[in-house]
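Below is one structure, written out as structure tokens; comments come after it.
Chain IDs A, B, C, D and E follow the sequence of writing; residue 1 opens each chain.
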Amino acid sequence: MSTTTAGAPPAAVPPAARVETPFRRFVSEFAASRLALFGLVLFCIIVLVAVLAPWIAPQNPYDLAQLDIMDGRLEPGSVGGSGITYWLGTDDQGRDMLSGIMYGLRISLTVGAGSAILACLVGASLGMLAAYAGGRTDSLIMRLVDLQLSFPAILAALMILAFLGKGILNVVIALVVVEWAYYARTVRGSALVERRREYIEAAQCLALPTHRIIFRHLLPNCLPPLIVVGTMQVARAIALEATLSFLGLGVPITEPSLGLLIANGYEYMLSGKYWISFYPGIALLVTIVSINLVGDQLRDVLNPRLKK
Amino acid sequence: MSAVLEAPRAAAQGSVPIIELRGVSKRFSNPLDFAGRLVKRLGVKVREDVVHAVDGVDLSVRKGEVVGLVGESGCGKSTLGRMVAGIMPPSDGQVVWRGQDLTKLSGADAKRAKLRTQMIFQDPYASLNPRLKVAEIVGEAPQYHGLVPRGGLEAYVDDQLRRAGLDPSLKRRYPHQFSGGQRQRIGIARALAVQPDFLVCDEAVAALDVSIQAQILNLFMKLRRELDLTYLFISHDLGVVEHLSDRVVIMYLGRVVEEAPSEEVFARPNHPYTRALLAEVPRIEARKRVFAGVQGEIPSPLNPPSGCHFHPRCPFAFDRCRAERPALKQVAPGHRSACHLNDAA
Amino acid sequence: MPASAAPGAPTLEVRNLRTHFLTRAGVVKAVDDVSFTVRSGKVLGLVGESGSGKSVTGFSILGLVDPPGRIVGGQILFKGQDLATLSEEAMRKLRGNRIAMIFQDPMMTLNPVLRIDTQMIETVLAHARVSREEARQRARDALGQVGIASPDERLRSYPHQFSGGMRQRVAIAIALLHKPDVIVADEPTTALDVTIQGQILAEAQKLCAQTGTALVWITHDLSVVAGLADDIAVMYAGKVVENGPVEQVLDAPLHPYTLGLIGSVPSRNRRGEPLRQIPGMTPSMLNLPAGCAFRARCPRAEARCAEPPPFAEYRPGRFARCIHPHEEAVAA
Amino acid sequence: MTVFLLRRLLQAAGVVLVMSLLVFLGVYAIGDPIEILISPEADQIERERAIKALGLDLPLWQQYLVFLGNALRGDLGRSFVFNEPALRLILDRMPATLELAIGATLAALIIGLPLGLYAGLRPSSPVSKGILAGSILGFSLPTFWVGLMLIMVFAVQLGWLPSTGRGETVTILGMRWSFLTRDGLAHMLMPALNLSLFKISLVIRLTRAGVRETMLMDYVKFARAKGLSPARITFIHVFKNILIPVVTVVGLEFGGTIAFSVVTESVFAWPGMGKLIIDSINVLDRPVMVAYLMIIVLMFITINLLVDITYSLLDPRVRLEGKS
Amino acid sequence: QTLTMGVGAPVTSIDPHYHQLSPNTAVAHMIFSGLTTTDGHARVIPDLAESWKAIDATTWEFKLRPGVRFHNGSEFTAEDVAFTFARVPNVPNSPSSYAIYTRPIREVQVVDAHTLRLKTAVPYPLMPTDLASVMILDRETHAQATTEGFNAGPMAVGTGPFRMISHRNGDRIEFERSDNYFGARPAWQRVNYRMITNDAARTAALLAGDVEIIDQVPTSDLAKLRNDQRLALSEITGLRLIYLSFDHSRTDSSPFVTDNDGKPLPANPLKDARVRRALSMAIDRNAIVERVMEGAAIPAGQFLPEGSFSYVPDLTPTRFDTEGAKRLLAEAGFPQGFRITLHGPNDRYPNDSRIIQAIGQMWTRAGVRTAVEAQPWTTFVARAGRQDLSSFLIGWGTSSGEGSNPLRNLTATFDRDKGYGASNRGRYSNPEMDRVLDQAMRELDDAKREALLQQATRIVFEDVGILPLHIQKNTWAMRKGLAHDPRADELTRAHDVRPASAAK
């Protein structure tokens, strides 16, 4: 036994074929659900369609000069005055629904992602600040969060939009205002937990400066719940924007989002011109479902509690 | 073999304390908010919750010494360790590092003092940042503090890993790919990388299996010899402490109740709590013994008993114990104990 | 008193138990050929390192292995009846009644939202046709039995109002409600402080002696086993590698792993001297090498060790799974 | 408990004050009610008279102080449009919204809990996967669109249910409720279902997640080790634990439901508070808007308080004195 | 015997003098009566007054109908009229009071129980027209009446064909036939008057059979409802003109008009009548009427439809001519056109936001690159009223059915003291027109007055002071078996509905 007293030999390497990064592990766990993978693929296609809309859409539905009301409310598959075929029909302005949906996706996704990113930035910073500063700062921020969370999003957004007026930017602002609190609460929650972890103490012990501890050690470990909240909030923001547009406060009518397309077509529902709101509705549904599918799986994969 | 051991201890006798705690206390409180104060003003009984995690502790550790800190859960061992390591300021008292008050040191000096004291943590899972590679975990601080020349970091990290008994080829991996023992070695390499001379080991082996525990304990001893390190070794495992320490400090509910050289404590425990503790420790040598158990529960630090904290569980308690806090008094050379029985005798 | 001298048939006999987990990554042979016997009033200490399969063995006895785990072989003979073949309903009737279990973490074993009395009375009513009042009376008695003062008041409390030690005692009281023949205790003192551990061990000892319950005490702490158990079974990588009376195994183990384990206990070493350590790490349960799983860390290892060693009785009452067993006294 | 209540009271007062200011400013900024309210035939003199009559000629801060002073006396102003106390108008409409929201919440619990329980207990069965997929759908469908589809199918195509409006009512405690009459219930069915769609999904997911997490807990295993029947484990040990998050979230969501009924009420022409507020926004009936928002805020504070108290009743670990 | 109606606009008050709003007026017509009233084509006809005449330039005499009783049995006399006129200006908090109709009256002389003389300061030819809006209350019953009293029911006592039984604010009002009514007996014993503001919901309610008649049929549903065998429609050309208003207030650059590079223009092109005419020519009104309004409107060239008092027969809608518009623009100095933002509400008039988009398309084709911005009425109308906009769509309903009303309100020069131009949001001003209008307003002779009003109208529209688009048609849909007399003034009243078999 005396051989071992010379100090432990270098510990054996655990058998692992390739270096497993947290990212790779995450990818493989995510891919475990076929439904989620399907959602992801679907979402990617949707994003692609939205991004490429100006190149692949048959018409620019936002250019009034390209529309002709004489082509209004044509059935799917009709051929319009200028000879183009409206595969999904047209709305009351003679707007090609297919193009309208592609561009509408652009708006909806921009609004959803834009508001989610901005809200995340604002919320995460405030949440981090609350968790790290503690005391009065913390309680002030958290009271603000409570206030925001207890106030119904839809009402708050209605008020803000009534105040700011229409426009994509204003919708984004309104959504940021109603959503930041979710991020703040999430980040604060996980930061408070992570903060007490020993690796943070170790970093303090190594005399690393506070900002480095926050941004290099604390923040990355608070990200998973944030990502989950983020995806869910993108879906929520898209739905909320649609509802706001439906209630008449949202994006401008000449640049309709999916929600506004639905709202426009809503009036034609009873008269049998279903396509004006049905197809955008389906597009909206598929988008939100795909995001939620992805978010759902993220929640499972990133939730440490379900892991043993 | 024992010669290896005696040398540093001899050196330890005369030298100045590397760290000294003077009447150090730590209180955690949750101050009443406005509503609370208002209600209190109205005469309703509300109490501010104050935890006296550490209550007036004096302790000095000399260079090259291994001091074992023993006590039951929640008695304030970790808190004390954190204050020694400089990551938590004391509420009262002074932490003196090589003759300088840590709290009064200025930026650069404070940083240097902080770096010279490092901590090894209990939980090998929580003490490593899961999002950094091993090389980053070990190399971050030396690089940040400029302890290694530019370009020399790779080799430096390799050295640290090798010294902690890890294969440097593993440094591109993430913590979750290691076993508990290996992680503990990473933690040790991280601490050693900033060239400390004092290590606070907070339950550093408690989470490990016996066979792995032996490996890590051996590593500690090896490093002590090689790097002339001083240790504050916190543990609730008396066996480990007995094996490793030169001096043992026993805490109960935030206070030091006994302090003596290792052999002395195990041979002639003075404080009733120490005696109970020693009696309860299962020993592999003691076969089919009859357990008895110290009576009573460990009191809450929120609401500690008056006088001597141990009196509700002490079979020898008398009136004075309930009223007066016993002071830590010398009962033999180098052996101090806080018990009124010593006065009575 | 040697175990073989105990009168009567063993209360519980585990024979070649195999419990495997069919995970996506592969088959985890968490328990792979485990055998031991416990007699009435005796304590068997089941020791081993983390992940060696101790808990799974315990759960297998109670039929509580969750999918993807499954008992794939062997027998669990409880008073001659094979539990492994019993229906779920029949098993449920035994659980908490004839066979009880105590868990490691007292903070987690009691349902936080139910009062102690609810949790105790439901256990009584699950197996006995008695009135609620009588059930409460039994619960009260059980609490008194484990040394809890003012049981009436305590019955109306919620678990969070108890300290860890108290909760563990409540758990023991629940296990005792039907005076079971076997109690499987899965590291019940690991999470507790030394002085409180002493209290629990004292309780356990007393009860075993009084009621004649056979006790399977799972732990990784050899010192606890030394003080408490009559027999000891040492597990390594899902297998029992050594089995026998406590004194003999601890004084002169047959298996090199047992030897290494005892050697690495600090108090078995000279103060200040390096500890004897077992080199290397515990192997992953996912891809265990064929043959002796310990051979990579074994000082006695040789080519023959690549063959699976038999679990054989090398001395009377002492079994080991090693092809070159020899008693090696542990230096003090 | 006293501290807790007092703290809540203080917080509530603060919140109400801040909200009143925000709401007042916000509502003020939206537009000029005179333009909307006044008859187009009115000439300039008549306009000036109306501005004065409605107190809109005062500077904003004075208007706010007047409002605050009246509010302290329980008077939230008179509706410009109806010339009735705004508070009375809203309270008059409240039962309609309340019964809708309660109906939706009950529906969510009655439908969501069993489904979630099943999905949580058998996570890998195809039915559970179907339930989960369905819940995603419930999350994703825009309320207004579903509402219209419901009307199309059940009222117009099938003619089973009345399309819109509130049916017969019965007066209890001076308030009109429709859930006690057959006709009233028939009218309520679709809007309540529409409103509950999102909540059903929410309850399913909460329950499922809760069950899955709880089933992994040691105490469930311990309960099994005690030999309890699966039914008792599920319905006592697991259920009581998942009830805590479910009650909390559903309770907190209740406020959201009341707010979200704005959409449902306008689709189903349900004469509740939500429709009142939308109509009031359309005519800039400031007193009603402000009063509505104040009432909503108060309602939220109350709901939060009730949720906290319920929470502490359900979860013995929570003491209300506990620090926030 | 019971009629269930679904109306699109909420009734806000039962008090007939509180808030002037057409749904309120409709309900007031069912409960109360005025001295005069209007028929379906907005012509003034007798109601509580049997006849009236101007006995001198500043005195009107009204002969009241005898034997009329209020719902509660109390008798109707001239005192009640005097009482009513006294109450009208004094309704507390009224945001939009009826005082504008009684203000010209200097003095009320009760000659006898059924004769009344009204003195005015200046000749006031519109007196009988204006009084159609003032509902007469009972002096005994209503002495202490408050708006809440009306809403709650006890005060809702009038001389009209129906008594109010219950009122659920924002939801429904229930009526019962009054046996005291002096006019033709309504066909319905009970009326359930439900407010369903959402268009689709209202149509759905009719389709589902929950209501028997609805008003404000959404244009999108017209085609379907017309083809539905179970349903019948009634329709009439209304009195609401939808028009575009231009910024006349600025001579320098107007906020939403820029050159093609987006830079402000030095002068406001909208001040140039040629530009305005060009913009008018660029609009295909028939396309809007057919495609956007789905036939529920007629193209307009002036305020009122044919057959109205002061209609100008030869003032036809501007002919659609894109090329002509381009030529005119070039003539005005804009051969390349310019850029403009057209504003409009999105929740006020049928298809309002669709119309402005369609106009946007048309103007853009004529070389004026047009952006379109639709806003909720609340925000929009405030901006329009502040002269924040350059061009916007808005509407005007001439409930009185004669031309002086829009001329005074929309196109007369803004003048606080005269009370003219109150709704002239573009601040159009034409002294010539003002002069003719003043003359007309003092002319008691109907024929002469009509000629003057026609002259003023011609001036406005030849100058394109405002740009008329179309006049809406009012439509009602009902189950087969009902007949409805449609009203040009958009009011939906139960006594206009009867079983189809019953003779009028």
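Criterion: a contact is a pair of C-beta atoms (placed from the backbone, for glycine too) under 8 Å apart; a residue touches a chain by one contact, two chains touch by 3 or more.
Listed by chain with UniProt protein names: A, D = ABC transporter permease; B, C = ABC transporter ATP-binding protein.
Treat the numbers as computed from the prediction; the structure is a model and nothing was measured.
Here the chain-to-chain distance from chain C to chain E, counted in touching steps, is 2. Each chain's centre was taken as the mean of its CA atoms, and the one lying most distant from chain C is E. Put simply, the C-alpha centre of chain C and that of chain D have 54 angstrom between them. Taking each chain's centre as the mean of its C-alpha atoms, chain A lies 47 Å from chain B. Per-chain CA centroids place chain A at a distance of 25 Å from chain D. Residues of chain E in contact with two or more other chains: 200, 204, 207, 347, 376, 378-379.
Residues of chain B in contact with at least two other chains: 33, 179, 181-182, 215, 218, 222. Taken residue by residue, chain D touches two or more other chains at 30-31, 148, 152, 156, 266, 281, whereas all remaining positions touch fewer. Residues 30-47, 49-50, 53-54, 78, 80-84, 89, 92-93, 148, 151-152, 155-156, 159, 162-166, 176, 266-269, 271, 275-276, 279, 281-284 of chain D are the ones touching chain E in the complex.
Put simply, chain E touches chain D in their complex at residues 10, 12-13, 15, 18-21, 92-97, 99-100, 147-148, 151, 168-172, 194-198, 200-202, 204-205, 207-210, 347, 376-379, 381-382, 385, 396-397, 399, 405, 409, 416, 419-420, 422-423. The touching residues of chain A, when paired with chain E in their complex, are 64-65, 67-70, 72, 92-93, 162, 165-166, 248-249, 252-254, 266-273.
By the touch criterion given at the top, residues 199-200, 203-204, 207, 218, 220-224, 287-288, 291-292, 346-347, 351, 353-354, 357-358, 360-361, 364-365, 369-376, 378-379 of chain E touch chain A in their complex. Note for the complex: chain B touches chain C at residues 1-2, 5, 72-73, 179-182, 209-215, 217-218, 221-222, 236-240, 242-244, 262-263, 276-277, 279-294, 297-298.
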